[in-house]
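The following pair of complexes shares a single chain, chain A, combined with chain B in the former and chain C in the latter.
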Partner chain A sequence: MSTKVLVTGLGVISSIGKNVQDTLKSIRELKSGVGQIDLLITRHRGDLPVGEIKQTDEELKETAGVSSLKALTRPTVLGMLAAREAVEDAGLIGDTEGTGFISANTVGGMGHTEQYCLDYINKEKEGDFLEYLGTHNCGDSTERIADYLNIKDYVTTINTACSSSANAIMLGARLIKNGIVKRVVAGGTDSLTRFTLNGFNTLMILAKEQCRPFDENRMGLNLGEGAGFIVLEAEEAANERGARVYSELKGYANTCDAYHQTASSPEGYGAASAMKKAIEHAGLKVEDIDYVNLHGTATQMNDLSEGNAIQNVFGDKVPDVSSTKGFTGHTLGAAGGIEAVFSNLSISENILFPNLNFTDQMNELNFSPLKVIKENAEVINVLSNSFGFGGNNTALLFSKV
Partner chain B sequence: MNNRLYISGHCRIKDNRVELNGEPVFTQKDSNFSEFIKALYRDQQFQYSKFFKMDNLSKLGFAASEILLRSIHINVKGSEVGVVLANANSSLDTDVRYQESIKDKTNYFPSPSVFVYTLPNIVIGEICIKHKFTGENALLISETFEADQLFDHTMSLFKDGKVGSCLIGWVDYYLDDYDAALFFITRDNDKKTNFESEKIKSIYQNWS
Partner chain C sequence: MMDVYIKGLGNISPQNTADNSQFLDKIVEYDQNNLQVIHPVYKDHISPIKLRRMSRMIKMGIAASSICLDDAGITNPGAIITGTGFGCTGDTEKFLYAMVENDEQYLTPTAFMQSTHNTISGQIAIMLGCKSYNSTYVNRGSCFEAAFQDAMMLINEGEANDALIGGFDECTDKHYIITSRLGYWKDRDIKNTDLYTAGSSGSISGEGASFFAISKDGGSNSYAKIKAVNHFYKPDGFEEVERRIQSFLEANGHNPDSVDLVVNGLNGDEEGDLVYHHLMKGALKSSTHTCYKHLCGEYDVASAFGLWLACKILKTQTVPESVRVGNAPAGQINTVLVYNHFKSSYHGLFLLESC
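Our next item is the complex of A and B:
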């Protein structure tokens, strides 16, 4: 029960890189992946910037070596690439006994459903497209990725909107602590679709320019796509095989705002409580935190709510904080997984990420996010925040071992 | 520290009947869910106007939680109360209603207030908003009432120190077919019913 949960593998794909090394390079070059839409078929091309991965489904399938497999959705293939990198990085390819796979996903097979829905209900039409009928649910990508990695012991899907993959990591840690599995590949995957783009657009929270998290003049978020997975491993299992360790997942917490069905509370009660509880769970003090990877979507509400929560937790001693959404856009169900990879890189590379496009501190707040990249930083304890619609707040705390 | 957990109380709503800890609370035969739940609201004097805006799944879960929680003295803070619910039909009942509202091109009315409920965990949100429960929560989807799954998930929250008390159970609704079975789990042993997977299974199955 009291085993430590260690992070022993990282995998990521997003608009700033097709793997961990690529991603780090883009971050060090301050290269944002947010730009104009080239692949997604939508009337918003040239109008709404997004963090799009510039490879077609076919190109991605080829990279993953699955060109011959049928009915693979974009989130499935993105997930395959990132999860495989994490498993490879951990040195566990071919050694997946006693391993679980928890994947978060919010969009499911919507990309193909919106392409084929009229054909589906047209009795006259038949063809290969019918293979995609079974891919609509969020669990489909999880099952396909688990098969790809030959993981059989415990496979499940989580959808709690934008906090999904942080919750996947939290569930993974619990499975290990309760002795159900010794390793878990946990994270999430999501791709851009018209459904998501139009849905967020009707909420009037999409920026027509590069997003500016925590800036007084922020204009909303940019959507993105990608996948991020980490390998969690029981300390004994990792030690036994001499695994390289990125960090210990020392604390985690999920809280409910109990404020409104969809909106988060302006004072950020649930967000503050998630951070406090994660710190307490880790047996640490507030002043032990070196860096907070913010949820920081750049919407009016999120940044106000999260900013108030940060002040509530840290008072006038706010540590270095930044949102990496300016690099990747908001990747929804993948965000917590991608940012868990970033948080681990922060610890292993001694690097603190800059908050892109920031100029003016918010009037309501007494702190600003990091404007520049910090190398050779002493990073011991990192908090990673993920907040979902409905006030589903999760904070993960990774610590240097 | 006392690590034992107990069932402080349980409430069941099914077949137009309500039972609290196995004792009858309210019955109304020969009415559909909407009539039944309205009659229950009046009979039990819930006095919570937001109730009427809720979808059927939320009304069902809210009503069961009200009746159960009124009977219990909760002696931990709201921030230490978790909620773990499960069901088979997710929010499908409201999904269907929402789809109905947009399928006719000439009578097209996608209502945001209905759309909100096309997520199953909104029932948890409604209960949490009413009682200011801000602990960890989850809604698990399984084909049938799985006592072991509910038990394991709840135990892991207690073991991890995430909750001091937990509202758990089954809340399922699809096309007038419904079933709610809620349990309140605590460290207080005043009722002396141990929290065990077998116990919640037998309470659930004991319905005639």
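Our next item is the complex of A and C:
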């Protein structure tokens, strides 16, 4: 149980970049990926801005070198690209013995299901759509990505809504500590679908403008798409092969709000207890935290709940905090993975991310998020928050080694 | 891993399993290939106000979890972890088809809110006021095993003293059509009791909600001691399956000869069943063998029904004739192995001992 879990590889794709370098460049140029819908076929085009990756499924497949493979959904290919980057970055391509793959997503192959569901249930109808018939399950993309990376030792998928991929990373660390595997590629992938866009729209929490996390005048969230994976490795395994280390995943916690199916409690009980438990689990004190990558969706409820939780945990000494949802939109099942990549970049690049579109501090709170990018920052301990429907709250704590 | 005990069961299935005082006393027979659950009287388990707002899958899940916690005498578990292939399928379809048929107009949020796979684990937490660890696994035929393994790890880590684990899936009409088109089910309707003699490809469809309460504290009312859970992905032939089972048993102080009884995931699919026959004739030939998918059908978390069967056998020390493959056991049943695979890709193992 005393094994340290190290982060030795990062991979990401989102509306602000097709890999880690691209992503960093966009962040340094303060370039948001949130804008008009160009690819998703929906009546909300021109109405609801999203963080869309401007490459078609075919283009993404070509980049991943999988154009000849059948029945690949968009989250599968996004996941292939990000997970492969993470494995390559860790120097582990072709060396997957004793490695697990834990992915996360919220709606599986819904992108094709919503396109073809009427054909699926019409027994008389035949056609090319039939290749997607078995892709709806959330495990489908996981299976294809695991096969793509030749990972067999432990394969699973988590869906706890918007905290899914943070839980995938937490499970990865626990599997290593329990001696079940020595390495894990963990994170998540989700693509934009009409199902989620309309679902969130019926909840009346989508903004018609660029989202403004933690702003007094925030108007809701922007959905996004992407994938983010990190390679977690037992310290001994990483040392043995002289791996480059981004950070140690020192603490983590999963708690439940047990308050409402889709709303978080205003006082942020679950969020606060997840952060406190993660800090405690790491053997650190609250004042050791240098930066919190907020869940910060820019909905009325999330930011109030999370803001109160931050105050509850940090009192009047709130560290630098920001939400990166203004860059990527809310990528749902991928968010925890993408933001784990951001948190690690914060440590390795000594950079603190700005909270885009922020102007006015929330009346209920005594702090504001970072308005500007901070370079050459001393970043030792970073908390990454992910909260989801069902009251699922997960906090991850990455520390400089 | 420390010893963990199974303290409570709640099983809503196509058989009369919701009543824990019974044990397959009378088998329900079906003459078509889509087995659906026998609903308990829900108002015995859920308040009428809450019941009105619940969809079919949510009712099944909440009631099964409630029966299970009552059985275990646990009011606030240290973790709630579920496994499901498709989540709340009916709610997902409701929102999906309304959206597609009405061109993304006139939609209401309820079905969307209830469509997420973690709806049931979240709802149970809300009903119990349980603020502990909460998670949901969604990886096809190994999601229940992954959920169970997570709970075992939590107890081993000292993060929880007890946990509620559930596997659930429902088969809607549309889901049945889709899985039929995928070739999952037999072409012609058969009697469920003829599942293993039909000699053709495909199985029969099932569904269910099976919950388990586990605790690190034993006691005379436990069903079984759960020694270990494991799952593996796409093994390289029968030899690897055999090797994995062998090392799983050895890692937990057992060997194939010390397994008294095996609960097999036989599902009537000629090709898929070959591996079970291979083991029954080979490595596991000295054990008593049982099977259960003629009772509950095949679905992503069918192995949860298999684990329920193992618990009932260990507690009652009886092996109903309806689940026997071959001879009745010769003596005391102390060690049970539950082995299941889903489409040959996802393989799950549970090892139990009597208390």
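Structural remarks
In this section, the second predicted complex is superposed on the first by the 400 of 401 C-alpha atoms of A that agree within 3 Å, B and C clash if a C-alpha of one lies under 4 Å from a C-alpha of the other, contacts with A are read in each partner's own complex, and residues count from 1 in each chain.
We take it that a residue touches a chain if its C-beta (ideal position, glycine included) is under 8 Å from a C-beta of that chain, and two chains touch if they have at least 3 such contacts.
Please read all numbers here as calculations on a predicted model, not as lab measurements.
After superposition onto chain A, partners chain B and chain C are found to clash with each other.
In the superposition on chain A, A:N178 makes contact with both chain B and chain C. Once the two complexes are overlaid on the shared chain, A:Y269 sits against chain B and chain C alike. Of the two partner chains, chain C is the only one touched by A:E143; chain B is not. By the touch criterion stated above, A:R43 is placed in contact with chain C alone, chain B being left untouched. Residue contacts after overlaying the shared chain place A:L30 against neither chain B nor chain C. Residue contacts after overlaying the shared chain place A:L118 against chain C, while chain B stays out of touching range. Look at A:N198: by the touch rule set out above, it reaches chain C but stays clear of chain B.
In the superposed model, A:N254 lies in contact with both chain B and chain C.
Of the two partner chains placed by the overlay, neither chain B nor chain C lies in contact with A:I93.
Greater residue coverage of chain A by touch, when chain B is weighed against chain C, goes to C. None of the stretches 235-243, 253-261, 289-297 or 307-315 of chain C clash with chain B in the superposition except 307-315. 1, 160, 174, 177-178, 254-262, 269-270, 273, 390-392 are the residues of chain A that lie in the contact sets of both chain B and chain C, per the superposition on chain A. On the chain C side of its complex with chain A, the touching residues are 80, 85-87, 95-97, 99-100, 103-105, 107-109, 112-119, 121-123, 125-126, 128-140, 142-143, 146, 150, 153, 156-157, 174, 177-178, 181-182, 231-234, 300, 345. Here chain A touches chain B in the complex through residues 1, 160, 174, 177-178, 253-262, 269-270, 273, 277, 281, 390-392, going by the rule given at the top. On chain B, the positions that touch chain A within their shared complex are 78-79, 83, 116-117, 119, 121-122, 124-126, 128-129, 131-137, 152, 156, 159-162. Those residues of chain A lying in contact with chain C across their complex are 1, 42-44, 106, 108, 110, 113-114, 117-118, 120-121, 123, 130, 133-134, 136-140, 142-143, 146-147, 152-161, 167, 171, 174-175, 177-178, 194-195, 198-199, 201-203, 254-262, 269-270, 273, 388-392.
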